[in-house]
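You will see chain A twice below: alongside chain B first, and alongside chain C after that.
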Partner chain A sequence: MASITGSSSLMASLSCNKLTQTLTRAYNFNVVSVAVSGKSFPSLKLSSAPSRFRVSCAATPETVDKVCSIVRKQLALPEDSAVTGESKFASLGADSLDTVEIVMGLEEEFGISVEEESAQTIATVQDAADLIEKLISKN
Partner chain B sequence: MATAVPPPSRKEILSLFRSFLRSARTFSDYNIREYTKRRAIDAFHHNKTLSNPSSVSAAFSDGKYQLHVAKRQALVYSIYSPTVKSIMDINY
Partner chain C sequence: MLSYFCKLGLKMKIHCFSQKMFCTSALSPLPLPSRMETHLWYVLPNEVKSQSLLSQYVDLLPPPEKDHVFSMRGDELQKSALLARALVRTTISRYQIYSRVSPRSLVFKKNAHGKPEVIWEQSDDWHPPQLHFNLSHTSSLIACGVTVGSPIGIDVEEKERTLKNNILSFAKRYFSCEELEVLSAISDPEVQRHKFIKLWTLKEAYVKALGIGFSGAPFNTFTIRFGGANPNPEVLDSAIAVVPLEKPTNLTTNWQFKQLELADSHYAAICRQNDGLLGGESMKVIVRKTIPLVEEHCVPRIDSIVRVDELT
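Moving on to the complex of A and B:
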C-alpha cells in the first residue's frame, strides 16, 4: 500500500536525525497515518519534502476532530457534548493542569513536541489544532 | 528567617508538571510510566488548593526533588531495561 511505504520513509528520515526515543513516537505516527488512509489526505501528510502546496489557512477538520476526541476523553465529557474548534478549554471545565495533560496527550497522539511557550498560549481547540498542523508540516 | 523567597509562579508549577509527564514518557516499563503519570497528576491535584505561600513553596521544592528522582530512575531503568515488553504496550 502506497501509504505504508511513504510513512516508512518518513520514519527513516526521523530516526536519522533524532534520538531513538523519537522512533517510538514515529511508530505512533505510522498508526495515525494508516487510520486516515481511507481519506484523500495521506499524500499531503506523508510528503517528507517541505509541502509547497499547503494552504496557510486553519487546520484540517480531521485534526480538529482528533483534538476534540482527546479533549473529551481527558475531561470525561459525554460523547454528544458540544466540542468544536471554538470551544475554550476553560469553558469545558478544564483547569490549567487539565490543559497540560491535554497538550501531553496531543503530543503523544500526533508524535510532535510542543514548546513551553507555545503550550502556554493554547486556549481553544482551534489553537491546539493549528499548532499541531504547524508542527507536523515543519517535520 | 531571612528574606522570604517568593512562592513559585503558576507558570513554574505548570512547567514542573509538564516535566514530570515528559520524564514519565521516557520510561520503557509500562508500570513505572503509568505510575509516574498517575502519581504526578494526583499530587498536583491534591495540592491545587494550597494558598499559604510557605506550603506552596514546600510542595514545589518537594516536587522538584521528586522530579530529580524520576529523571535519575529513568536513566537507571534505561540501562537495565527488560527485554520482554508488557502486554499493555502492544497495540493491536
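Moving on to the complex of A and C:
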C-alpha cells in the first residue's frame, strides 16, 4: 500500500476513506490487534476468516519466509515489496492459476502433497505456512 | 460485399449482428439473452483512463465492495478489481429486468463455495429472472458472461501467459492422464503452451459453472476431450466434452463449451448447461466489448475459417 499514501495517482485519489487506508495498511503489515480506542466502526469490515486475527504459533518464521519468497517469485513482485504472513494471495494479484502454481511450488520446496480440496482454505501466506507445517508433521 | 457474406451466412457461420458496429447509450435496456444464447461482455482496463469515470464506478459500490477494491495491492490491481465490480453491476442492469434494478441497487451474495450470485428483490407481483452470470479477469481484460435458465462459468487468460513451472510437470500433477498425453504429443513449445492455456480455461469454466471451484472438482477427476464423432478441424471448438473419471462422481456431463479468442490477446472459455435446445449446434454467443456507463460494441465473430473455394 506504500504507493497509495502521499501520491497523486489515479486510484489514490479515489480512496477517500483515509481510515480504511490506514487500517488496510496495518493489516498488510502483520498487525494482529486493531487499535480503535473505544470507538466502533460497524461499516468497516476487514473481511477475512477469524484466523487472521489469531496469533498463530503453528508455523515457524523460516517457513513463512520461504512461502513469502515462493509467492514473490510466482507473482514477480519486487524484492522490497511487503509480503508477510497476513498477505492475502488475491490482494497481491494472484489469480487461480497463480495460486495453483504457488501450491505446486510449496509441494516441491517442502516435499509435501496438498490435496486440491485444501486449496480453498489457503487465502494468506500464513494459511499456507500453517498447512505446510501440519502436513510436514504428519509425514 | 457484406450482403454476399450474409447469403452464405449459415454455411460460413459468420455472426454479424448488423452491418455496422453500433454504439448505444450504455444504460438503455437490452432484452435478456434467450435460453439459447450466451452473452459475453468484456472491458479492457487500458481503455479506461478517465479519473471521473473511475470515480463514478466507485460510487456504484456498497462499502464492503469499496473496501475490497482498496485492499488490493497497488493501482493496477485496484483498478482491475474496480472494473470487475463496475462491469458486473452495469451489465446486469442493462437487461429489461425491472425498472428498479440499477447498478447501485444490486445485491450480491456468495454460495457455499464462494461463487457470486444476485439476490433479487422479492415481491408478490414480480418473479425474478433466471439470470445467471460469471466473471473472470486478467490484468488486461475483464469479462462477464450472462445466461438465462442455465448456470454459467467463464474463464479468460492472456494468450501469452507463461507458467513458472514446467508445463508437463504441472499437467502431470494437476490434469488428467489423457490431457497430459495430448499436451505431451505437441512438440512445438508455443503450440503446447497455447493448448495448455486453452485447456486450463475450459477446466476452470467447468468448475465455475458447477459452482464448486477447483477444490470441489480437482482437475484430475475429469478430462476435457476435444473432437466428438465428427471433429471439424476448421472450427476452434468442435465438440468439446467433459468426461468424469471417477465412479461414483458428483460431476455432471450435460454441459456445453465454447472456446473463443477475445481482443486478439486472450483465450476465453464458456461453459453452460446443454438442455438439448440447440440440437447439437455450437453454442450461440453474442460478444460485446464495453466501457461501463459509456459505450459498447457488438463484436462480430468468425466461427470458422472460410475456404477460398467456398466463395466461388
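Some points to look at:
Keep in mind that, in the parts below, the second predicted complex is superposed on the first by the 83 of 139 C-alpha atoms of A that agree within 3 Å, B and C clash if a C-alpha of one lies under 4 Å from a C-alpha of the other, contacts with A are read in each partner's own complex, and residues count from 1 in each chain.
By definition in this document, a contact is a pair of C-beta atoms (placed from the backbone, for glycine too) under 8 Å apart; a residue touches a chain by one contact, two chains touch by 3 or more.
Computed from a predicted structure; not experimentally measured.
When the shared chain is aligned, chain B and chain C each come close enough to touch A:S96.
Of the two partner chains, neither chain B nor chain C is touched by A:E62.
If you count the residues of chain A touched by chain B and by chain C, you find the higher number for C.
Touch criterion not met for A:D127: it reaches neither chain B nor chain C. On chain A, the surface touched by chain B in one complex and the surface touched by chain C in the other have residues 21, 95-97, 100-101, 104, 116, 119-120 in common. Within the complex formed with chain B, the chain A residues making contact are 21, 31, 95-97, 100-101, 103-104, 108, 116, 119-120.
Contact residues on chain C toward chain A in their complex (touch as defined above): 51, 54-55, 58, 63-64, 66-68, 70-79, 82, 113-114, 137-139, 157, 161, 163-165, 169-170, 173-174, 200, 204, 213-216, 218-219. Every residue of chain A that touches chain C in the complex is listed here, in rising order: 1, 3-4, 9-15, 17, 20-21, 24, 27-28, 43-47, 73-74, 81, 88, 90-93, 95-97, 100-101, 104-105, 107, 115-120. Partner chain A is touched in their complex by these residues of chain B: 10-11, 14-15, 17-18, 21-22, 25-26, 41, 44-45, 48, 91.
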